[in-house]
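Down below are the structures I want you to see.
The two complexes that follow have chain A in common; it is paired with chain B in the first and with chain C in the second.
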Partner chain A sequence: MQKISQYIAIRDNRVLWNDNVVFEGQSSDFKDFAKELYQHLEINYPKFYKMDNLCKLAFLASEIALTNNEEEDIALLFCNKEGSLDSDLQHQKLISNIDNFYPSPALFVYTLPNISIGEVSIRHQLKSESMFLLADRYQSEYIAPYCELLINSSKANKVLCGWLKMINGDYQANFYLVEPEGILEHNIENIDQIINK
Partner chain B sequence: MAELKNLLKQQIIEVLNLEDICVADIQDDDALFGDGLGLDSIDALELIVLLDKQYGIKLADPKQGKEIFASINTLAAFVEQNRTK
Partner chain C sequence: MKQAYIHESNIISPLGFTTDENFEAVRAGKTGIQKLKLNGILDEVFISSINEDQVEALFARLSLTSASSRIEKLAIAALFPLIQDRKSLENSLLIVSATKGNVKALAENDTEASDIPTLAKNIATYFGFQKEPLIVSNACVSGLMALSIAKRYLQLGLFEDAYIVAFDEVSTFVQSGFNSFQAVSSEACRPYDQDRSGVSLGEAAVACHVSTERQSDSVRVAGDANINDANHISGPSRTGEGLFLSIQKALDEAQLRAENIDYIVGHGTATIYNDEMEAIAFNRADLSTVPLASYKGNYGHTLGASGLLECVLLVECMRRNLLLPSKGFQVLGTSQPIEVLTAERKCDIRVALKTASGFGGTNTAIILSKD
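After this line comes the complex of A and B, so read on.
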């Protein structure tokens, strides 16, 4: 049985790391909050500003989870309910007027939710297993054994799991890192508590 | 021409979300791609859309982009000669 080494929640302008508030932003608007957190984390990665909101959320949660990480074999298992609907709607708005038809290539590339995995992989130089799952709720009973399999079969040394919500400015991220050593047992009960924090 | 160059810099910063860069940071002869502003292929597509939307210029041959987008100087000269709005 693997362990959960840390867990993160981002919601309501706040970041909780292992249940402790480690950052509190001033803005209730996600874009501004994301910029505040980006600056607070002292990240120098200008491509961040080009990302859509879902990618920014996944990027920031991953950044916190992977601080000082030197491990390269980290699998990424992200999951959400809305897919890329937040960006899909913005894209649809841009292309709905035939007389003013200027689709944005920079927005269009984010009309797939798994781009968030790509952004995190590029940032942390990960060439590992990954999956973006769309589901009504976080599938703990499916994802937990998948994590165990990935580590036990040496496909990955750690697995970063994340549940994301991003739609019309309403956001939440619950991430946890699975590895051989940690602070919590990697079981469905603990996972469900982390996801619902 | 100076006014157009300034406007192009503002528009590039806005459409490409270059939040850490201001107009004064972009020199007229700075390379926009590669070592200069570090723009990528998606940025190039976004600039093509910008030319169409703001200046009525449709790039028929994407290969032209390499010369046109070399710097603010080359971009402004191209816009000045080809704009329809």
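After this line comes the complex of A and C, so read on.
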């Protein structure tokens, strides 16, 4: 049985790391809050500003989870309900105007939810296993054994799991890192508590 | 460790409404790609779409006349012949693969109808699956990744068997996006060819049954990996890193080597960069002389359906010991040598490789074995 080594919640302008508030932003608007948190983390990564909101959220949560990380073989397993709907709506709005039928590719690429995995993989140079799942709720009963299999079969050394919500500025991220050593048992009860924080 | 075996499949596409019909159509060199007007305003484009009259007749024959969306009915129609005689789905997993689902609903401001989890639940409810479905939405590797995770869940011993359904429709939403990348071919797409100029989009719904039970014509999923390039969100890696690593890891798991592979069905979208990336990855993996085909010249790029569609056709090739050629290919257009097939060949296929790559730097490789 693997362990959960840390967990992160981002919501209501705040970042909680293992239940402790480690950052509190001033703005209730996600874009502004994301910028505040980006600056607080003292990251120099200009690509951040090109990302859509879903990717920014996944990026920031991963940034915190992977602080001081040296492990290269970390699988990424992200899930949400809406897919890329937040960016889909923007793309749809643009192409509804027939003069704009061929909008910028810089927007279209974000109409896939797994781009968030791509952004985090590039940032942390994770040439590793990854998967993006959709569901109404976090499917811990499926995801927990899958993480165990990835690590036990040496397909990954750690797994970063994330539940994301991003739609019209309404946001929440609950991430946790699974590895052989940690602070919590990697079981469904603990996972469900982390996801609902 | 439990093993995962591929059993029956079904393909609904412009080339037919069963796997057999589709196999024979590809064997005969047919293509569903034609010049069509996608809507009243835009220029004609090369796409592969299912004939509306035929699809309506299919829905009527299966009594799928309720008010649900066309894509939902296509998915149910694909699964139908695989499940109709099943008595219990109590220990069966349903895996759904789609990149966009019913994205057409967005044009009518109906975000609820575009919700993929709702669509998946409707499919599960229709057939009476007891467990919640798993939904893979991982760009253009989704269909093949669905097979990879089906195998992993069967290995975990959580389910007796898994049904996979993978689908996507042609839509102005996706067409406009690929157009904005200038990634759309001005003729029927020509994978790996020197005159290739981009994708043709297509649509399909594909279903497949996988279980731990070996049968006489079973093909085993012997190894699999899904490794990201960590390089670029919309451009393939110039070194083919993620695809190369996926192939290596899948071979390692299968305890096989490159020399064991008899046939490769690649992703082969016919964009300049994708096909070049594949050629580099196949060379790095010592696979440059293995017969290779892409079926995109027959179907176009069916997005979330493509990986599973091409994989179940590959399984039929293995069962019949036939290598099918790569439609649209004439003269090699990649910097590295690859053995693209231009004619059908008889060959005892013991081991085959299926790959897929997509936006977000995602790659999947699956080793299939007839043992």
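Note that the second predicted complex is superposed on the first by the 193 of 197 C-alpha atoms of A that agree within 3 Å, B and C clash if a C-alpha of one lies under 4 Å from a C-alpha of the other, contacts with A are read in each partner's own complex, and residues count from 1 in each chain.
Criterion: a contact is a pair of C-beta atoms (placed from the backbone, for glycine too) under 8 Å apart; a residue touches a chain by one contact, two chains touch by 3 or more.
Being a predicted model, the structure only gives us computed values, none of them experimental.
Novice: Count the residues of chain A touched by chain B and by chain C, then name the partner with the higher count.
Specialist: When the residues of chain A touched by each partner are counted, C comes out ahead.
Novice: Look at A:Asn68 in the shared chain and tell me whether it touches chain B only, chain C only, both, or neither; answer first, second, both or neither.
Specialist: neither
Novice: In the overlay, answer first, second, both or neither for which of chain B and chain C A:Pro105 touches.
Specialist: Touch status of A:Pro105: both partners.
Novice: Is A:Asn97 touching the first partner chain B, the second partner chain C, both, or neither of them?
Specialist: After superposition on chain A, A:Asn97 lies in contact with neither partner.
Novice: Quick check for you: in the superposed arrangement, does A:Asn20 touch first (chain B), second (chain C), both or neither?
Specialist: Neither partner.
Novice: With both complexes overlaid on chain A, does A:Lys127 touch chain B (first), chain C (second), both or neither?
Specialist: It touches chain C, and chain B stays clear.
Novice: Please work out whether A:Lys35 is in contact with chain B alone, chain C alone, both, or neither, and reply first, second, both or neither.
Specialist: first
Novice: So, does A:Tyr49 touch the first partner chain B, the second partner chain C, both, or neither?
Specialist: first
Novice: Would you please give the residues of chain A that touch chain B in one complex and also touch chain C in the other complex?
Specialist: Comparing the two interfaces on chain A, one with chain B and one with chain C, the shared residues are 102-105, 109.
Novice: What does chain A use to touch chain C in their complex?
Specialist: Result: residues 76, 81-83, 85, 88-89, 91-92, 95-96, 98, 101-105, 108-109, 111-115, 117-119, 121-122, 124-136, 139, 142, 145-146, 149, 153, 155 of chain A touch chain C.
Novice: Using the touch definition from the top, list the residues of chain C that touch chain A in their complex.
Specialist: Counting only chain C, the residues touching chain A are 41-42, 99-100, 103, 106-107, 111, 114-117, 120-121, 132, 134-139, 145, 149, 152-153, 155-156, 158, 172-173, 176-181, 225-234, 241-242, 245, 249, 253, 358-362.
Novice: Under the definition above, what is the set of chain B residues touching chain A in their complex?
Specialist: 15-20, 38, 42-43, 45-46, 49, 52-53
Novice: Under the definition above, what is the set of chain A residues touching chain B in their complex?
Specialist: Spelled out, the residues of chain A in touch with chain B are 35, 46, 49-50, 102-106, 109.
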